[in-house]
Structures are given as structure tokens and as C-alpha cells.
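Before anything else, here is the set of structures, which you'll find just below.
Across the two complexes that follow, chain A remains constant while its partner is chain B and subsequently chain C.
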Partner chain A sequence: MQFFLEVLIGGLLSGIMYSLVALGFVLIYKASGVFNFAQGAMVYFAALTTVGLVDSGMSLWLAILLTMVAMVVLGLLTEKIVLRPLVAQHEITLFMATIGLTFFVEGLAQAIWGANVRALDLGIEDVPLEWLLESANIAVSQFDLIASGIAATLVILLAIFFSKTKIGRALRAVADDHQAALSIGIPLQHIWAIVWAVAGFVALVAGLLWGARNGVQFALTFVALKALPVLILGGFTSVPGAILGGLIIGASEKLAEVYIGPHVGGGIEGWFPYVLALLFLLVRPEGLFGEKIIRRI
Partner chain B sequence: MSEGRQIGEVILDLKNISLRFGGVKALTDISFDVREHEIRAIIGPNGAGKSSMLNVINGVYRPQEGDIVFRGKHHRDMDTYAAAKAGIARTFQNIALFKGMTVLDNIMTGRNLKMKSNFLLDAIYWGPAQREEIAHRRKVEEIIDFLEIQHIRKTPVGRLPYGLQKRVELGRALAAEPSILLLDEPMAGMNVEEKQDMCRFVLDVNDQLGTTIVLIEHDMGVVMDISDRVVVLDYGKKIADGTPDEVRNNQDVIDAYLGVAH
Partner chain C sequence: MLYREAGQFKATYVEDSEIFPIRQDKFGIALILAAAFVGIPLLSVAGILADYTFTAILTPFLIFALATLGLNILTGYAGQLSLGTAAFMAVGAFASYNFMLRIDGMPILGAFILGGLCAAAVGIVFGLPSLRIRGFYLAAATLATQFFIVWVLTKVGWFTNYNSSGVITAQKIEMFGYTFDTAFSKYLFVLSVVTVMALLAKNMVRTNVGRSWMAIRDMDMAAEVIGFRPMRTKLLAFAVSSFYCGVAGALFAYAYLGTVEPEGFSLDLSFRILFMVIIGGVGSILGSFFGAAFIVLVPIFLNTFTGFLENTVGIGLPSGISSSIELMVFGALIIFFLIVEPHGLARLWQIGKEKLRLWPFPH
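Up next, the complex of A and B:
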């Protein structure tokens, strides 16, 4: 039982980190209908920039602050240079544009900082929580707990932002119908700029947490691929969906690895989430919380 | 027609508007004006360029030639966002509501330009931002009462029948407290009862709020009943302009609608 709980908690904690990455996708998809393939590259760019600044002698907080500015600028430029000329184009065109953006951002990061693997130290030790180990004999990483605490806070703030505020409502309106949004005076470009800037900020937080855990390396961009099953489960347009989807994926992949893995030779953690997502697609294609596709005929 | 309101000066003057899509002439040299507080109808057979005309007024289309004078200011063409800011609101022929959002949220989006709070305060939904939200919510509730849609307040718009969606779209346009309201076939596809309701709302808006209304409508009975002046388009050209009675008896209009023997 203790072992089961340990695996479950570990899974849920890493699940929140998946949610965080998925959230970057949801933000942009909600506001512009664009599936931003470059989200993973943005995570990598953010983490590498922070580490690069720290390695060149800057304090951690200053480095994070500067990276945040860089991410916002990157987001604003993306909106201005890549998306604005493509307004009202087909979704697939926009998607292709973000693939191009992916290569550009990855290349830019490596051109500035080099391609070496670097360690990022946030000053949080990755040790089991002592009191929990002593009282219940369950090992839960302190780092994982703090990281998911940060992720959870961010996720909740964004959820409130989307459902309660004027900008959140404008975002949903823009996502639904560009032309109608313009006609009631929602400044489309303004909204997109905000979204890309916020997505850049989310990428920064994800990059820092994942980078501190696994090292800042090119493989960080693949974390974004793990967000795909999360999105399919949660729905591409739902912030709560991204949270729950992340938790389900995180917990189920760890449990599957531990309990099913040994029977099939192990290593199933890598593909289990995708199979789960595939099954889910058959049952509920719009996701747990996705906006139901309503059609009048 | 109501007795209380006073038709004012020309608020919107369209001069020699021509609009082409490649070789297709959608509008050719059209001029007409709209006076403050009046109900101005644009009629004509299908494909006459009525919707194109509205799209020119709020900047969705940019005409190749012409001059648009709005409140004394000359514009070569309009800009959608600027038009909304200047007090031009509209509804669409094919209903452009935010389908996944509730009626309440849809109408609240119409208040967007009226809301002033700071981005950061808004982001944390704190203090002034929250108070402002509540004040605007009150205004939106008035509109909901006015349009008699209290019972569907929390329903996602996509689930509503067509007639109610049209009403919600009118609500969203009204939420901006516009000085000019452009209505693109507000009664299309409605049954008699729904049409009567819609007529009443349009007349009330015009009468009580003094809103100037430019309206496209196919139902001649409705148009002749509620409009002050009517402009008639056919194949992108203006063929008549005047009071309902003048237009009704105009030979070109009768020919356009009934056809001419060759």
C-alpha cells in the first residue's frame, strides 16, 4: 500500500508539471485557434536563457527576470511578424507557421547559448520529505512537491483569469469568431500579443522546473510532446481540463510502468499516455472539458 | 412610428461608394445619407449589395472609391475596430455569436470597449476591476430584461433556436450603447410572432434610446412599417431613395422586384 501511494503521489506530482506545459498550448489555442507547435521550443529557450545568464555570473532572480522580459518580447514579436500577416488564414497554415517558428526558436537558443547540457540549480533540494518518511514511511520528493505547488498556483491563477475577467472573456470571444470580435471592438492584435506573452511566461516556469529536474538540454523540447495526450484527455480549450488531464496522465503512466511494466518487459512509461489518449479519442473526442461541438442542422 | 423622437442632422453620409472584388462590381457609385435617430432601411433583391454596403460602413470591406463622412469626419474607408470605438455596432446576416459562451458572457463582450480597468488589476480580478465588472453586469442585466431573455441567461448560445440567437446578437450590439446600429436581416428566418417581437425591440431601441438604425430586411411589410426612409439597391446600383410611400410607387423598384417584360 505504501509503495502504491508513493508511486501515485510521484505520478500526480509529475502530472502537474505536464499540466503546466499543456497550459501553454491551451492558452494560445483558446485565443487564436492555433496549435502552437513551438511551445516546446519556447520551454527550451526559456530554460537555456536562464541557465546561460546564471552561468555568466548573474544572480538567479535577475536571470529569471531578464528571461521573462525576453519571453514576453519573443511572444510579441511572434504575434507581429509571424501571425499578424496570416490573419484569417486556414488553421493548418498557422500550424505550419508555428512549426517553422519551432526550428527558429530552437536554433536561436543554441546559437546564443550553445548546445551543451547544463545544470540548473533553483536551490531546492531533491530529497524525500522527512516528516512524511518518518510518520507514514512514504518517500515524496521535496522538489517535486514545491515544483508542483508552483505549477498548481499558476494553473489556478490562469483558470480564474480566463473565467472571471474582461480579458479572459475577450480571449474566448476572439477564439470563437475573429470577425464578430472585431465588430464589437475587441482589439484582436492586442489580445493575441497578451496571449503570446503569457504563453511565454508559462513556458519559462515550465522550463525552469523541468530544467532543474532533468537538466537543461534539447530533450526539454520533447516535454511538449507529453502535453499532447494531456490535451486530448482534457480538451484543447479547457484550463481545468489541462489540469485534470495532466494528473491522469502523470499518475497512470507511473502506475502502469510499475504494475504492468514488469509483465511486458518494462519501458511502457514512454508510450502508455499516447495509448490512453487514443482510447479516449474513441469515447470522447472533445476531451473531458472541451467545448462540446454543437451543430444545428 | 413613434411621435416622440426628433429626426436630427445627417450623422453618416456615404458618397459615391464603389466596391469591386476582382472583376465583380459589388457596389457602383452609391450615395445616401443617414440622419440621426432615424430608421433607415436598405432593401433590394438577393445579391443587390445590401450586406456589402453594411460591411463598408463598419470597415469589414474597404471600397475602392468613395468618401464616408461620419459625424463630420471624412474617411476614405472605415476600420472595424475604430468603427466600434466610434459607436457603430452591428449584427450579422449569419449570426456571429460566440457559440461556446453563455448568453450573459456574449452580451458582456459587448461591454468590452466600455471597460477601462487596468490590465494587471484585471488579471488578478481585484478591487476596481471587480467593482467595474459588477457595474457592467448590472447594465447587461438591463439589456437582458429589455429583450426578455432572462430565462436563457446561462445557456450556451449554440444551443438556442435561431430566433433567440438573433435576439442575443442584438443584445450584444446594444451592450456597446452604440449611436448607430447596423442590423443585417434581423428578422430573417423568423415566424410571425418572433418577427413582431423583434420589430417591437427595434422600435423601442430607436424610440427610447434614440439609437440611429440602419437595417437590411427582406420582409416588405416590416420595412414599410418601421422605416423612416428606404434606399433600394439592385445589381450594386441605387435605384431609389425616399420615404416608404415614395419607394413603393417607384416604377424601377416595382420592376426590380417583379421583373420586366422583354
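Up next, the complex of A and C:
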């Protein structure tokens, strides 16, 4: 039972990290209908830039601040150069454009900072929580807990931002109906620029946490692939869906790896979330919280 | 004036149902086939084309064109976005390998066809979700195919004949006592297969099967109302598309790489083929060839270009950076192409035809 709890908690905590990446997807998809495959590359770019700046002698906070600026600029440029000319194109075309962007951003990050694996130290130690280990004999990483705390805070802040502020309401209006939003005077381009900047910020946070956990390396871009089953499970347009989906995927993935994995040769983490999400979709085609599209006939 | 169909009358049903009904098209296709089957071999015999041209450019181009064709049938004609192309290719390659290995006297073409059929069967199974979900949900779901199949091929030793490193070495391509072992003969083999399958595809998309795919793509509800069965139509699209991808995968292993591991059919390959579809033109047979040519040629061109820069101007980049810059240029080119011509290279050809029809008159 203890072992089960340990695996479950570890899974849930890594699930929150998945949600963090998935959140970046959801933000952009909600506001502009673009399925931004480059989110993973943005995570990598952000982490690598921060580490690169720190390694060149900057303090951590200044590096994060500068990276933040770089991410916002990257987001704004993407919106202006890539997406604006492609407005009203088919969504597959937009999706392909973001894959092109993925290549570009990955190449850019490596051209500037090199392709070596770098360590990122956020000053949080990756040790089990002592009091929990002593009282219940369950090992829960302190780092995971703090990372999840940061992720949860970010999610709550974003939720408040979306529902309470003027910009947030404008974002939701745009997501609902582009033309209606335009007709009541919401500046579409500004909104998209803001969304891309926010997505860049989310990518930065995800990149820092993931980078500190696993080292800043190219494999960071695959985090995006982990976020996809979270998205299909939770629904592409739902922030709570991304969070709940992340928790489900994280927990079930770890449990499956530990309990089913040994019987079938291991390494099932790679596809299990997808199959789970797929089976789930067969029951609810729009995900947990996705917009239900009613089709008669 | 050059491309004008006026005055070409069809007097019989046979004439009316030809694959290329217009004289200019017939002539063009004949010219291309003659160039591919006769012209290039002549050049090769004359020693103008090195083996490199075949192994690095022409053969991969044809194989990728076939895979692109397969994906184009699914994505372009039936409207089902898929990111699992490489998995279907892997099924084709590994199934062909096992048929050749385990059945004595298996003809190579038979193994390819059976491999393709295996891929088709897998395609039907993984196409089932398309009945319930659509769009990006489906695309993300097809990733399950990609990861699951590569995992199965890696983990189950039987598929690789218990090779310790999980690599298969493709058998020789032998037909009628002739062994296709030179780069040139492999090219001719691939060319023959691709020509036949491309013509079949060209024919298929204008029959009722192809039209039912397009009906489902354009509006599935309306298609259902006028009597197309969505389940049959979609699954047929998955099957045919996977068959093409499977044969392409078998060719990929047999005529291009020789030895291949499951990891060789990675998500990257799937994306590359999707790029070929988008850049070539969604829903166009000809576009598949354009797209494959573009994606195969761009890296080679970039390589040559950076080499040229290094040799002449002396701006040598460290190898790490030059590969990153290649990545950047590749990405930027794709974005550029999508912005300039979102309907792909096939659309450019259409515009060109329109121009040729009017030329030299302005209207």
C-alpha cells in the first residue's frame, strides 16, 4: 500500500508538470484555434536560454527575467511573422506552420547556446520529504512538491486572469467567436499577441521546472508529446481539463509502468497515455471538459 | 495555346474514362515516364550520373513519394489527419521481412503485397477511433499508433528474428533469377513499383471510392445523408492509405536502407511525410511527388550550399552550429512556403496550366 501511494503521489506530481505544458497548448488553442506544436520547442528554448545566461555569469533571477523578455519577443514575432499571414487558412496548414516553427526554434536555441546537456540549479534540492518519510514511510520528493506548488499557483493565477480581468474576458470572447469579438471592438491582434506572450511565460516556467528536474537537453522538446494525451483527455479548450487530464495521465502512467510494465517488457510509458486517452475518447469524443459538439443524424 | 483541351472530342466510353483524358497530359506523362525509365538509365550508362544520385536522391525520392501518396489518400482525399505514417511503414517493412524469412520461395513482390496488406489491417484497427473523433483529437490519437507499434516491434523479438540489437537486414531483391543489387537496378525496381501504384491511385481517386472519400472529407454528415457509409468509407481510406505506406516502408527497408531498426520509423519520419503532403499539396497525386522532391532535395541543397560557402568564401561554421542552422533554414522554408502558397506546389502547377492555356493571349 505504501509503495502504491508512493507511485501514485509521484505520478500525480509529475502529472501537474504535464498539465503545465498542456496549459500552454490550451491557451493558444482557445484564443486563436492554432494547435501550437512549437510549445515543446519553446519550453526547450526558454530553459536553454536561462541556463546559458546563468552559465555566462548572470544571477538566476536576472537570467529568468531576461528569458521572460526573450520569450515574449519570440511570441510576438511568431504572431506577427508566422500566424498573421496565415489567418483564415485551414487548421492543418496552421498546425504545419507551428511544426516548421518547432524546427526553427530548436535550431535557434542550439545555434545560440550549443546542443550540450546542461544542468540547471534552481536551489531546490531533490530529496524526499523527511517528516513524511518518518511518519508514513512514503518518499515524496521535495522538489516535485515545490514544483507542483509553483505549477498549481500558476494555474490558479491564470484561471483568475481569465475570469476576472478585462483582458481575460476579451480573451474568452475571442475564443468564443472571432467575428463577434471584432464587431464589439476587441482588438484581435493585441489579444493574440498577449496570448502568445502568456504561452511563452508558461513555457518558461515549464522549462525551468523540467530543466531542473531532468537537465536541460534536447529531450525537453519531447515533453510536448507527453502533453498531447493530456490534451485529448482533458479537451483542447479547457484549462481545468488540462489540469485534471495531467493528473490522470501522470498517475496512470506511473502506475501502469510499475504494475503492468514488468509483465510486458517495460517501457510502456511511451504509449500508455495515448492508448488510455484513446480509449477514453471512444466514450467521450470531446474529452473531459471539451466543448460538446452536437451533431444530429 | 499550349495546354488547350478545346477540340478534343471523346467519341467512345473508353476514351471518356481514360485516366489522362487530355492529349497534353498523356504526352506529358509519357515524356516523364520515358525520361525516368530510359533517359536516366542512359545518363547512368554514359557515366554522367553517379551511384550517389540514385542512392541519395532518386530512390529515396520515389519511396517517400509513395508514402506521401499513401498519407495523401488518407489526409488529402478522406480528410483524416494522421501522424502515424511511419508506423504503417514499419509494419510493411517488418511484415515483408518476416514473410520472406519464414516462407520458402516467397516471391519478393508477394512479400511486399502481403506486407502492405498487414499494414492495411493495422490501419483498419487504428482507424477505428476515426469513427468517433475528428480533427486534432484524431491526429493526437494516431500518435498512439506511432508509439505503440514501434514499441511492439522493439519489444517482441519474433519480429526482428531475435536479433540482439533489434535490427533487420533486408533480404536481396530477386526476381526471375535477376538480383537487384546495384543502386541503379534498385532504382528501376522502385520506379516500376511506384509508377504502377501511382497510376492505380490516380485512377482510384476518380472512381466512386475516391469520390466517397472526398464527400466524407468535405462534409461527413451530408455524405451520410446521400448514402455513403462513413464507417466503410473511412476504414477503407485507412486501409488503402496504410497499404501504400506499408509498401513504401518495405521499399524503404529493401531498396533504400538495407538494414533498419524499429526506431528508424520514428515520429520524425511521420512528420517529414506529413510535410511532403502539405508542401506538395493536400489532395493531389502529383503534389505528392512535388512534396517528396522538395523535402528530399532541401537538406541536400543546404548541405551543398554550406559546403560551397566554406570552400569558396572561407566562412566555415563549426559542425554543431551548421546543423542547427540547417534546422532553422528548414523550418523557415516550411513556414515561408505555407505563407506564400498554402495550397502547396500542386497549386502552382495548376496556375501554370491556366497560364499555358491562355498564353500568349491575356484573356
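Keep in mind that, in the parts below, the second predicted complex is superposed on the first by the 293 of 297 C-alpha atoms of A that agree within 3 Å, B and C clash if a C-alpha of one lies under 4 Å from a C-alpha of the other, contacts with A are read in each partner's own complex, and residues count from 1 in each chain.
To be clear about the criterion, a residue touches a chain if its C-beta (ideal position, glycine included) is under 8 Å from a C-beta of that chain, and two chains touch if they have at least 3 such contacts.
Everything quoted here is computed from the prediction, not taken from an experiment.
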Side-by-side fit of chain B and chain C on chain A, or clash: fit
Classify the contacts of A:I16 with the two partner chains as first (chain B alone), second (chain C alone), both, or neither. neither
Thinking of the overlay built on chain A, is A:D176 touched by chain B (first), by chain C (second), by both, or by neither? first
Counting only touches as set out at the top, which of chain B and chain C does A:I167 meet: first, second, both, neither? first
Which partner chains sit in contact with A:F95 here, chain B, chain C, both or neither? Use first/second/both/neither. second
With both structures superposed, pick whichever of chain B and chain C touches the larger number of chain A residues. C
Chain B versus chain C as contact partner of A:I184, first or second or both or neither: first
Would you sort A:V258 into first (chain B), second (chain C), both or neither based on which partner it touches? neither
For A:M68, using the defined touch cut-off, is the partner it touches chain B, chain C, both, or neither? Pick first, second, both or neither. neither
With chain A's C-alpha centre as vertex, what's the angle to chain B and chain C, nearest 10 degrees? 90
Working from the superposed arrangement, determine the closest approach of chain B to chain C, counting only CA atoms, in whole Å. 13
Shared contact residues on chain A for chain B and chain C? none
Chain C-facing residues of chain A, complex: 35, 81-82, 85-86, 89-93, 95-97, 99-108, 110-111, 114-115, 225, 228-229, 231-232, 236, 264-265, 267-268, 270-271, 274-275, 277-278, 281-282, 285-287, 295, 297
Could you pull out which chain C residues touch chain A in their complex? 75, 81, 129, 132-137, 139-141, 143-144, 147-148, 151, 154-156, 221, 224-225, 267, 271, 274-275, 278, 282, 320-321, 324-335, 338-339, 342
Which positions of chain A touch chain B when the two form their complex? 157, 160-161, 164-167, 169-170, 172-173, 176-177, 179-188, 194, 237, 291, 294, 296
The answer for chain B against chain A in the complex is residues 58, 60, 80-81, 83-85, 89-90, 92, 96-101, 105-106, 108-110, 112-113, 115, 117, 119, 122-125, 129, 133, 156, 158-159, 162, 172-173, 176
